[in-house]
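Shared between the two complexes below is chain A, which has chain B as its partner in the first and chain C in the second.
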Partner chain A sequence: MKNRNYIHLFANCLITKGISRSVICDLQRSKYVLIPNSFADLFSKQRYYNLKEAPRIFDQENLSIFHEYVAVLKDHNFIFSCSKKELKRFPQLQLKFEYPAKITNAIIDFDKNSNTTIKDIIQYFLIPYNCRHIQIRCFEDMDSIFFDTLITEINHCFIKSVEFIIKDSFEQDYTQIMKWVENNRKIKSLVLHSSQENKVIQKENYGFGIVVTTRQKITSESHCGIIHPDYFNITIESYTESLCYNSCLNRKISIDKSGNIKNCPSMKQSFGNIKSIKTLDSIIENPDFNKYWTISKDKIETCMYCEFRYICIDCRAYLETPENIYSKPQKCGYDPFTNKWKWDYESFTK
Partner chain B sequence: MEKKIKIYIQHYINDNLKDLPFIARFWDIEVIPTKSSNPINPITYGHFKTEGAYAIPFYKPISKIVILSILNEE
Partner chain C sequence: MKKASIIIQSQSFDSSTDTVLMWLYYYGNFNKIHLFFNDYAIENFSLLFSDQKKKAVKINNIPINKCSFWYRRGEYKITSNHRNKSFRKNLEKVALVPLISYLNSFFHFNLINRFNDNFINKVTVLEHCLDLNIKIPNTLITTNSDELNVFLSENKMIITKSIQNPFFSLNINQNYKAYFSTPTQLVTLKDIPKSSCSFSPSFFQKYIPKQFEIRSFYLNGIFKSMVIFSQQNEKTKIDYRNYDHKNPNRCVPYILPKKLEKKLHQLMLRLKLNCGSFDIIYTPEGEYYFLEINPVGQFQWLSRNCNYSIEKTIAKTILKNGKKDKNLYSALYK
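== the complex of A and B ==
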């Protein structure tokens, strides 16, 4: 029996240290656990700790707290025991972000006056950049024929997933809409806003086909930018992207309801209109456009002290100090110094 | 039944290696049961006539416009 007196973090479990506490994120199981900074420090130089050292460092009271945390991490499968000889067998995870697309995702807003076709958008702005995940948003009532046209194009092209956020005009008869989602299997989710009730109409099937209704009245893009634990995203792609890039705007394009190409529909600056432009090449290279891509959370005021900074999806459209592009997101009520949510988005809107 | 289907496909691949992509012998075979006896329509991707049984979702939220906590309360 080997003397397994070391505890070692699994390669997919990464510690993010904040100003007053830390989190361990499990990038495979998509979960996190909060830990004190003093405990996180034990793993700061290397990803393992010799349990035999603990009685020398801690007094009796702190030793029992230490063992409680070790038990919690073991329960969550964040750590495993090993011997000194075995330590070198567990290399660290490669944390470089790589993704096979110049543009990874797109937001496309439509209204009744939108004079753009999805076919052109796909052909000129998505295919050349390998952008295969899109979100379509409509804030006003739209004809169901419009959505049929959209999905027909999407079904026959290289798009992998589409999310719809549209106004509910189905008067609680969701049978047809459920069938529509079931038949069009690239639909990841369909959110019907301005509805009469908050309800999950259809649960996910292999991550697709979710249909929900919400009473939330989304009348424009100004409702976007919510920072809330519900939007924390604990995946290896998202975490590694956040280390060096902006977690929201990196490799994103948006086309607002008037056809303007932007970083985000909520932002004012437009880089051209799809009626007059047939390529994104010059826009992607434009420093004014891609300057947001490299604003990682480590560069953002307040966020740089936050333990959630690599799992939180940022917002650069609504800032506490709008003239400062490194300012904290306006719609975030979390204070990393006190570890308290001063307010959440619902109370913010009220 | 699932095992039988897997073995059948494995044999098919081995017997037709020349007609399939060079990586075919490393393909992971997954049998997906359906609710009805009708086969599920494959998802098409346009490029090279590629088809798939399931699509892959994006790895992060594309926008943050919906208040998800309302849905969790229900």
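== the complex of A and C ==
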């Protein structure tokens, strides 16, 4: 047992190979590290490597490169040592995505003219589909009574988490709003847009209660769809979902500020208005509504060559070639062939 | 097939219960879910045993012997409202306590755990392990320091932990409550008095060096195991429960040897347990040591880290309404 001469990748550290380089995604600690494809290839058939064999396989120069990268994996705690006999005890991570909800997340937009109540939305559009994670957006100023009514309903129902994106009207005094977030523990995050600076007002506490301000003016649906490493999701749940489904639109619904039901609020096609519809049953089944759900990154042009494809979000509302639903997201500035990012936020948000 | 009615006894803030409920609602294939949460008050009760082996046990008009039953957390509360205090106390002793104890061990064909599983005796469990050739660390429970000294010199390194429950609380006058916990700790020579003395019964075990630790969830003969690389972190070396949140221990899926699984399955049958979580040590020499079994332990972190969907398995078991598990039921009653 003493000769643990194999290095083995931890089951939750997964290699994704891109066209010109690879990435190791650490799904437990939510980080990634880039490695060359030639090194990734060593693990393409099995997730371990016999260190004793290395000197036989590599020449002097390559052997030292190999050892360098093994050291990198060790430093990041991506590998452990084991013996030949122990190899069979370490199975691969099961990569199936299983989630008990027909709808997993909802985006609900409000403005001063919205005459829908959150109570009805919860009752008719969330509860029957087990949808427990929602995002609420307001592009314009809303009064505090509106938010208090909203959060009271949310606190008393089965919703697990809520994200707010609202307009900053606090004139730099955030004590009140911070208290509000602290008192309402289902609030995952609060983003204040059209603010004077980009700042973290309150840090997260076990994934909840984060408050940030952004200079970005989120005044319409069109701000969305930006692809950036900041938005990467490196968890087992999002990774396994990305393997077979669209990483943004799968099992999502949105209700725009006028009450139109869509897959995504930035899309044009509406499938009815909540004023007249009291169930999503037929909408969810509508092949036109759910046509994007199974468009995984492996099916999308350019993305299919990208090393970040299973940790990246997607967008089908703004496409490089609008008439081709498999085309690359328009607001992605990454080129997986050259590994260069060439883009700026401003040009996308205009 | 008739749709099952389901009883879940738990606590309202238990997130594992929440996830299982989500799966149940997702399948929707049940008649009704009754939630017995926290201190669940029994307001009315009825039990009828009649000829032709008929039985009917009802709590608050819910026929519990016809429901699928999952015990997770919480307990029953039943009180008499007789105005005389001493009469009330005696009534509780002679009538209510036996009834509660019957309900806490209530067993029927489709259930996961019972309240009484909370009290599986850890010493008894270790004794069963000896019988079944499941390796355990050398164990000493003693009241005598000389005996402890001998045990230490024989085993080189030893630890102490609680005999049963690591948590207890104490009322300090009327105003304060003190909570104690006894995590696993090393015992060295300087901890033991030199001159011979006695103390209240205490639990000692040989310290077993770890290559890694294993947590294995068991349900009706199926094992879902996870390895915890606790040795890479000073904080978690002795007891992985000294969690390091910033840099969590690596937790990945593991497959226990079939031979060990078979023995552990036998252990579960002996203990009449159909669900629980094992704590096991794997040594640098490649040996497995049984530490303990947690009958109603946490499984969510295991399910999440290994993508096992244990909550889904539990929901499916509850919905099966006992059809398939009759074999196991008879095995448990052999």
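In this text, the second predicted complex is superposed on the first by the 343 of 350 C-alpha atoms of A that agree within 3 Å, B and C clash if a C-alpha of one lies under 4 Å from a C-alpha of the other, contacts with A are read in each partner's own complex, and residues count from 1 in each chain.
Keep in mind that, in the parts below, a residue touches a chain if its C-beta (ideal position, glycine included) is under 8 Å from a C-beta of that chain, and two chains touch if they have at least 3 such contacts.
If you're wondering where the values come from, they're calculated on a predicted model, not measured in any experiment.
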item	value
Clash or fit (per the criteria above) of chain B with chain C on chain A	clash
Partner chain(s) touched by A:Thr240 [first = chain B, second = chain C, both, neither]	second
Touched partner set for A:Arg29, first chain B, second chain C, both or neither	second
Chain A residues touched - chain C or chain B, whichever exceeds	B
Touching partner for A:Ile218 - first (chain B), second (chain C), both, neither	first
Which superposed partner A:Ala101 touches (first chain B, second chain C, both, neither)	second
Chain B versus chain C as contact partner of A:Leu93, first or second or both or neither	second
Residue ranges of chain A touching chain C (in the complex, touch as defined)	1-2, 10-12, 28-29, 77, 80, 83, 85-86, 88-96, 98, 100-102, 130, 132, 236, 240
In the complex with chain A, residue positions of chain C that touch it	19, 22-23, 25-26, 227, 229, 232, 247-248, 250-257, 284-286, 304-309, 312, 315
Residues on chain B engaged by chain A in the complex (per definition of touch)	40-41, 43-47, 54-74
Chain B-facing residues of chain A, complex	104-107, 133-135, 137, 155-158, 160-161, 163, 165, 183, 185-186, 188, 191, 193, 197-200, 206-208, 212, 214-216, 218, 221, 223-228, 230-231, 233, 235, 237-238, 241, 247-248, 252, 313, 315, 344-346
